[in-house]
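Reading through the structure tokens given below for one structure.
Chain lettering (A, B, C and D) follows the sequence in which the chains are written, and residue indices restart at 1 in each chain.
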Amino acid sequence: MNSRFSGILAAVFSPMDENGKVNTGVVPAIVDSLVADGVSGIYVCGSTGEGPLLAREERMEVAEAYTKACKDKMPVIVQVGHDSIAEAKVLAEHAAGLGADAVAAVPPTYFKCPSVENLVDCMAEISEAAGDAPFYYYHVPALTDGVFSMVDFLRLGEGKIRNLEGIKYSALTVFECQECLNYAEGKYNILFGCDEMLLSGLVVGVPGAVGSTFNFAAPLYNKIMDAYKAGDLERARELQLLSVKMVNTLFKYRGQPAFKAMMGILGVDCGPNRLPLKSLDSDEVAALKKDLEDIGFFDWGRTR
Amino acid sequence: MNSRFSGILAAVFSPMDENGKVNTGVVPAIVDSLVADGVSGIYVCGSTGEGPLLAREERMEVAEAYTKACKDKMPVIVQVGHDSIAEAKVLAEHAAGLGADAVAAVPPTYFKCPSVENLVDCMAEISEAAGDAPFYYYHVPALTDGVFSMVDFLRLGEGKIRNLEGIKYSALTVFECQECLNYAEGKYNILFGCDEMLLSGLVVGVPGAVGSTFNFAAPLYNKIMDAYKAGDLERARELQLLSVKMVNTLFKYRGQPAFKAMMGILGVDCGPNRLPLKSLDSDEVAALKKDLEDIGFFDWGRTR
Amino acid sequence: MNSRFSGILAAVFSPMDENGKVNTGVVPAIVDSLVADGVSGIYVCGSTGEGPLLAREERMEVAEAYTKACKDKMPVIVQVGHDSIAEAKVLAEHAAGLGADAVAAVPPTYFKCPSVENLVDCMAEISEAAGDAPFYYYHVPALTDGVFSMVDFLRLGEGKIRNLEGIKYSALTVFECQECLNYAEGKYNILFGCDEMLLSGLVVGVPGAVGSTFNFAAPLYNKIMDAYKAGDLERARELQLLSVKMVNTLFKYRGQPAFKAMMGILGVDCGPNRLPLKSLDSDEVAALKKDLEDIGFFDWGRTR
Amino acid sequence: MNSRFSGILAAVFSPMDENGKVNTGVVPAIVDSLVADGVSGIYVCGSTGEGPLLAREERMEVAEAYTKACKDKMPVIVQVGHDSIAEAKVLAEHAAGLGADAVAAVPPTYFKCPSVENLVDCMAEISEAAGDAPFYYYHVPALTDGVFSMVDFLRLGEGKIRNLEGIKYSALTVFECQECLNYAEGKYNILFGCDEMLLSGLVVGVPGAVGSTFNFAAPLYNKIMDAYKAGDLERARELQLLSVKMVNTLFKYRGQPAFKAMMGILGVDCGPNRLPLKSLDSDEVAALKKDLEDIGFFDWGRTR
């Protein structure tokens, strides 16, 4: 099984200052904290990183700051998807030039790909601009409506998408994920993207996962992976249930904005969200913190 | 954890003769074969059983035949959901009168429940007609669009739905399934309904599963359960991959109609489907059989 | 252009007593009031009539009461669609036996028709049971998800659906409605079903309309038709705007339940709704009445 | 009724050369032809113009070319919507600087606005960058899933969106469109966007329309408007039916790509489409031309 990337990869935030301008000054501190938490890589400018909400130069600045900060520490995947393939190509070329370890892309969402063949054509254009960087498709149908068979995608993409290396698989269809893992004798690196179902992905063979909640709860997830590897499924299940409770709590506060607010709660202010995401106000932050205390998050979520 | 029903429960077919009339004559043979396959219970007149496509008396006839045939052999759950709550109540009362071990219901789909409170009210009315029979909600959002939180459903249903015992959970949201399993100290019996993801359900704690493909491949799934219980996850994963291949093959031929055709291939003719489902024609049956041979199904799918 | 039915046809309610039992005693009064309002026909057991929410015998009882009450007064269309084609056939045969002027059917909604060919096959089976009664397809995609081309439906249904006479067209796609009106030299009777857009239908040529709000506001709609026929588009538009205001007010109170409550407000109590529809409580009825007074409904909605 | 813009406005194409690079050289010829066809304004970089598929500088180049070419001839609306509000603001400021007569925007589609309030906040930010230019919201739910009440949008946007002037209303909900037209005593300029239903919009009072097919069939639509104004509804209806036939023919060939191919058929080559849209190949162009000949388009579609 392809395990180019494995373990827990954090889909990192794009930090902003209080006025909503990109603020890469805190990036080195974020990276150091993630390394200390046992994170094995990062995914930049994805959904968690509000990539599609940033202007082109802002995406480049964020990608550059993280690539620089991670050098010799852990690998970096830069997400470059855009409604405009032309813009995505500019971002892909830039990411490759930075020395990113891989480039990934979501499909366009204004006009949607009408077929898996068309999706492959879109990704082929973008990958061409990524030079020698390995390429990942970012499969997140809840946001993109892209419901094509990922096995068909791998089969059709094989000859057409330059350096196709794998899929960031952010979908609930674990059975299809298992098929992708086993396609072509395990040639592709399939990274799971449903934090609150990590154990269900591990059991079908995913070598690693990319997620939002790994930004602040990587220690919990590393314990899940350790328990799983040690064959202690009962403990893995108990820890996974803690993850479910944490995620539910965060989704009471609109998901992504709550994730970003967590960084401030834990001491690394990543600033507000961009519209149409809506930042938590101070009352909401206080309520979120209280709810997390009530479920004991600060005892079990961060202890390395 | 509530394990009133556990293991592999088959969502059985409603057998028909060549003219499309209900034909309960083959029911005892079906039941005997399932018992021999190690099935631990059955689910009657669900989606697999084309329950909503049958006339009232036909549903009653099928429920009666299976209840009688299973007596002293294995438990029977009768599904009674209907667009008309009035009809569902008639069916629920009938099923309880037959001595069914439980009654289950899908929500209405013409007018859809606008809230989880409304859904609970609908189920409360139906359960009231089911007398002392334990009641299960049949959660199958792919067919019913019912996307309410099942944790909310349990919480609100607790006082209102008579003898609420659990959920047939036919959805991909394993994290929510895990929450339901742990709700109120594991008070409810949550049965998983995604055959091709069984292992992902087992790992979060489901005690049993209700499925279509257990009608003809129960031995394979019992081996998955056995390997899982023995801690041999690698073997469980390999067997689950076989299930995925089988299900993919069946879905090439429209899913439910292919499932029903399988019974004929294996020697128990269950007849045609009702519209809007469309039976496989003889060429399709031959092609399905060939495809299953190609993946080796007849070697690994049925060996007890 | 086929104008078998034209003018304003009311999609009538299924009256119930305070306990929610069908109460056909008020049917003659309803019919007399509709005739006095200038209604040109009725549509029984449709969405407005909660047809799919009634038990089989209740649907028959309602159909019978209306057919009897309308005799020699105005034509009756009975809607017989059901998730079970077998049940729909029983209802179709019954309606034809009553002497209904036409039979109509929605498609099944639990398992949905996968193609327009399949939809035609379903309707062909039902129409076969309707004897000599003209047959209408009830196209209401907002409830059934049936998004097939209605021109394809007419083309494919031509030879296969016995006595296919037209479509109750409850969809916003006026351009397709216009095509259906002109298909095969205007052979089919296309009845529009969007009350709040009646004028937009008239202008492309619909000969008549079937709607919920005609139960209590037929005089307003007859004035729209009159103004339209007289070429006074400005007046027609002003009256249509009143209809829009009325419909918006009713949708503030959940639509169908508000429609049914209107009957009580106007003196013919039609009783509560069946779940999953939820009746207005007395506070809501009072608020609805107040809102309607505020827009002047009682001045312009009912004046013949 | 606000009629800042009225009549037939063409949603123009972004012309490309054979290599898919933006080619503004043909813009003056396009504009002259549209003026000769009786078009009363244009809408640049909308869906028809593949705005979201272009890189930032390409959008600017197209906007500039059209604004320059239309000077003293007809008004120009520039569409600037983007997943990134930051990018949309750059485009809005640029369009205003060019002297565009108005700026319009679609909502973001990667992360979607969770409420109408949020949508208003997004549009308020963009409009702020548009200086003194009148602002239009581009309502096209088939592409953006934005199903909020447009009356609520106007009400909430009134104080918050700078220079809010109207809506490009590309939705089938004519009743809501009528309400918007009458909101605040007709203060807003509502432009209809469903070419094949133009007459249904005219009859409720729209002063003008913005559409794709006006690029090549403006004479037909101007005749519809003329017939409507002259009170000759029968002729207007006949002409509208021709429009329906034309649009159906174009949608057989994937819609937008067929629209763009029409320009080449009529002598102004606008080049290929950008992915995920897929250009017609030469066989498809020939077949489209043949189909249009068969319905007589070249006789009735272009005759001024």
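The definition used in the following text is that a residue touches a chain if its C-beta (ideal position, glycine included) is under 8 Å from a C-beta of that chain, and two chains touch if they have at least 3 such contacts.
Being a predicted model, the structure only gives us computed values, none of them experimental.
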Equivalent-chain rotation between chain D and chain C, CA atoms, steps of 5 degrees: 180
Of A-B and B-C, pair with higher C-beta contact tally: B-C
Interchain centroid distance [CA atoms averaged], chain A/chain B, Å: 35
Residues within chain C bordering two or more other chains: none
Residue numbers on chain A that touch chain D, as the complex places them: 47, 52-56, 58, 82-87, 90, 106-114, 118-119, 121-122, 125, 143-144, 254, 256, 274-278
Chain A-touching residues of chain B, taken from the complex the two chains share: 172-176, 178-179, 182, 194, 196-197, 199-201, 203-205, 231, 233, 236-237, 240-241, 244-245, 247-248
